[in-house]
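Shared between the two complexes below is chain A, which pairs with chain B and chain C, respectively.
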Partner chain A sequence: MIRAAKAILRKDLLLELRTKESVPAMTLFTLTVYVLFHFGLDRDSLDGELASGVLWVTLLLAAVIGVTRLFAAEREQGGIDALLLAPVDRTSLFLAKAGALFLFLSAVELVAVPAFALMLLGPDLGGTLPELIAILLLANLGIAAVGALVAALAAETRARELIVPLLLLPMLVPLLIAGAQATEPFLRQQQGPDDLGRWLGLLTLYDVVFVLLSVAVFDYLLED
Partner chain B sequence: MYSKGLKPLSLATVVTLATAMALVFFYAPLDADQGFVQKIFYVHVPMAIVALCGFVAGGVMAIRHLRSGDPSWDMRAYVAIHLSIILGVGVLVTGSIWAKASWGHWWVWDEPVLVSFLVVFLLYCVYYPLRFSIEDPERQARYASVFAIAAGAFVPLNFVAVRLAEAYTHPRVLSQTGGSLPGDMRLTFLVSLLAMALLFVTLWKLELTAKHASMELKKLRRKLNARVAA
Partner chain C sequence: MGGVALKQKLGDQARGKQLGQPLLAQLAQRRLALLEPVQLHPREHFGRLRELDVRVLHDLHAVAPGVAEIEAAASQDLGARVLETTPHRLAIVHDQAEVAILVGPLGAARGEHEKLVAHVDEGHSGHPPAQLELEQPAVEVERLLQVVDLEHHVVDADQPRHKPQHRLPAVAAIELDGLERRYGERVALAGVTVRVEAGQTLAVLGGNGAGKTTLLRVLAGLLRPHGGVARVLDAALPGERWKLPGRVGYLGHEPLLYRELSGRENLRYHAQLHSVDTGRVEELVAAVGMERRADDPVRELSRGMVQRLAAARAVLHDPALLLLDEPRANLDPAAAELLEPLIGRASGRTRVLVSHDVEGALGESDAVLRLKRGRPVGEDEDLYR
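And now, the complex of A and B:
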């Protein structure tokens, strides 16, 4: 199962490296949204709750693009039939797709978060990096699990591009709450962790619930 | 098949509903600081509880559908979610009226239960476009069930998250309903809750019966057409 998942994941990463489709588009999208927020809010620098909200909403919107494109290659080239014909567990397909999404999101954040610090953020991020990375990684895990599930759910529908954002964004509300609240104290003028344990706990709970749930129900998707 | 016991159930619903209304208007005391408007509580809260239970029940039925492969469970889940969404509209409207009357605004963001309910409601609204954009009936049932399970698990998680967020910015005593209600109010509330639950089950059975009947009719028609053509 793990070997099959690794093979599919390698294929997805190779495809992404060759076509450079999802990650650059998602990154470009985050930068555009920062510009939109700059003009929409008419502010040169943000801090505290506003900064945390802008950052997280931008990341989640970028995730929508990634999720919409997650099964694009299979769909357009007809590779999905070959994948389903292959004698591999559906779970390995889920693991591979969630893993790809996780890596895409992390790659996007590698650019998007420093860019946010440069373009919009008032306070300096320097000293809070370990905590910030932990929060982002936990959130990516949750987005990856829910995103792979939603992508598979929407893959067979006619109105795919419509279903993904409508389905994904409400499901990410708990994650947004935990992520934004956990990040907010680090983006203030006086930095310092505030209730960090509670929000990391909520993120972990979210991750556990949706990873287990997605693994459990993924077998029923993408059949025949 | 679904209509078994529908008649006594409907009777029980009518009686309980009438009793609940009578209790609300003639027995339950006026609230000391909110006055008459507080009586919307006996409609709003039972409706919200029944709708949420309906969503979760839809998830449980969806699990049974995926386990057994029996499409009738998908039909049950579909009708349960459908009715819960209708109740959900009622919850949001009555909640808004109550908020306007007691806090002066049509919508308040610092009421965690109302906000979580909105998020859950928005998520479940996607059930229809998802379901009806899949043509193959067997696949439609399967995908709808997967959605129902994921969303059913999402309901409690979302409530925890929103409550944590609100408690964070607005420290307050968490339990306002239930424990602190005086006896006559609590009795009225419980009867209203029972009435709403019975109403839900009756409507659910009725809708299932109607759907089943129209499906049977379609089958018979097809048979008749085939025979006429032959």
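And now, the complex of A and C:
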């Protein structure tokens, strides 16, 4: 299973490197949204709850783009048939797709978070990077698990551009709450962790539940 | 009942019965008991029945009630009708390619048997109940002896004229009976009944929208059948679809290759999915004559070259069954010849070949399925109007 998952993940990363269809689009989207918030809120800088909310909503909306495109190559070039014809455990496909989405999100955040700090954030992020990275990675894991599940569900549907956000975003609400609450203390003028453990715990719980749930049901999603 | 006692009794009774004795010996050795109750469906055991070292009784009507004697495969005349008229509760003991059969536990009463035969004779499907349950797996010795007494019906398996030429089982690679597939309310396939032996080629002919591609996708396990019986490589679909991955090669309209990857990268990816050595990739790249362009992205290749790579992809894992949808589309004659050992009749694989080249398909097939609007039609029907 791991061998097949590696092969699929390697292929997905190679395709992304060649086509540059997901990560650049997601990154440009986040930058555009920051600009819109800048003008929409008519503020030079944000902090606290507002900053946290803007950051997380932007990242989740960017994730929608990645999820919508996660099975694009399979859908358009027959890769799902090829996978179904191969003696491959479908869990390996889930692991590979979730892994690819996790890496795509992390790559986007490498640009999007510093850009957020530069374009919108008032307080300096410098001293809080380790905690922020931990929160982001935990959140990425949850988004990747749910995203791969939703992407597989929508892969063969005609209205996938509609189905993906309609299914994905409500499922990500607990993650949004935990992520925003965990991040908010680091985006204040007077920085300091506030119940960080509790929110990290919630993020971890979310990840565990949705990874297990996704593994359990993924097999059935690709059935005719 | 002990094996020794059984052997003794059988030996006594069968002495002098030249034809029945070897059969008895076989049966005695196997002790004629199934270890656990089994569920039998005639069609599930069709392949096994063809191996039997006992001749089919041509006149099943005359067989005593509850006795079902089936013949060896060598004569290849185990027709569906015979199978369908097989009485209920047929027990089959299959051991290392030598099959001794005998008789279910006092099976159907005469009335039931005759009713079933009459039913089939009237032209109805011979399907008895969907699942035939063997309620009492052990075979009665007395029953064996009754069978042996039917000596004119039982042929010694060791007699050369009845020995199969090949010990490989003549198992059906594909067996469809009344296959049906719908897309919503629209019926894409209905009433498709066909049997393809291992190593044979089935040509599927029909116009656009006749259901040819749907049939291939059902056989590949990519689509569920919605009705009828479908067995592919001993996997009953859709329940045993899990048995198919890695055993079927599919060459359809889509090459199943990623356009941004090179041919070699694509084949290596598929080789990893199928746990095939990368040496096989190089072998196939050479076999399809793509050494020079194997590292170019697929999107830069001509359609013929892509088709060559797709053929290599389809046979990468050496599948037992090849499903070919217009396999020679876009190929020039030289390329078609190049692919012949891989996907042609020379490959020795069981093939289902969809083609609009009617004469070509007929020329390389053992059986033909003519489809029109999803249903099988006869030779007199114009497929394309």
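Definition applied: the second predicted complex is superposed on the first by the 223 of 224 C-alpha atoms of A that agree within 3 Å, B and C clash if a C-alpha of one lies under 4 Å from a C-alpha of the other, contacts with A are read in each partner's own complex, and residues count from 1 in each chain.
Going forward, a contact is a pair of C-beta atoms (placed from the backbone, for glycine too) under 8 Å apart; a residue touches a chain by one contact, two chains touch by 3 or more.
These figures come from a predicted structure and were not determined experimentally.
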Practice task
Please tell me which partner, chain B or chain C, touches more residues of chain A.
Solution key: B
Handout entry: First, second, both or neither for A:198, with chain B first and chain C second
Key = first
Problem - Which superposed partner A:73 touches (first chain B, second chain C, both, neither) - result: second
Practice task
Have a look at where A:171 lands relative to chain B and chain C in the superposition and call it first, second, both or neither.
Solution key: first
Exercise for the section: Have a look at where A:81 lands relative to chain B and chain C in the superposition and call it first, second, both or neither. Expected result: second
Exercise for the section: Mind working out whether A:19 is in touch with chain B, chain C, both or neither, as first, second, both or neither? Expected result: second
Practice task
Examine A:130 and indicate which partner it touches, taking first as chain B and second as chain C; both and neither are also allowed.
Solution key: neither
Problem - Footprint overlap on chain A, where chain B in one structure and chain C in the other make contact - result: 223-224
Fill in the blank from the handout: Seen from chain A, its contact residues with chain B in the complex are 149, 153-154, 156-159, 162-163, 166-167, 170-171, 173-174, 177-178, 181, 195, 198, 202, 205-206, 209-210, 213-214, 217, 220-221, 223-224
Handout entry: chain A - residues contacting chain C, complex
Key = 3-4, 7-8, 10-11, 14-15, 18-19, 73, 77-79, 81-88, 223-224
Handout entry: Touching residues on chain B, where the partner in the complex is chain A
Key = 66, 119-120, 122-123, 125-126, 129-130, 133-135, 139, 142-143, 145-147, 149-151, 153-154, 157-158, 160-162, 164-165, 168
Practice task
Report the residues of chain C in contact with chain A in the complex, numbered from low to high.
Solution key: 220-224, 244-246, 248, 250, 252, 254-261, 265, 269-270, 272-275, 297, 313, 317
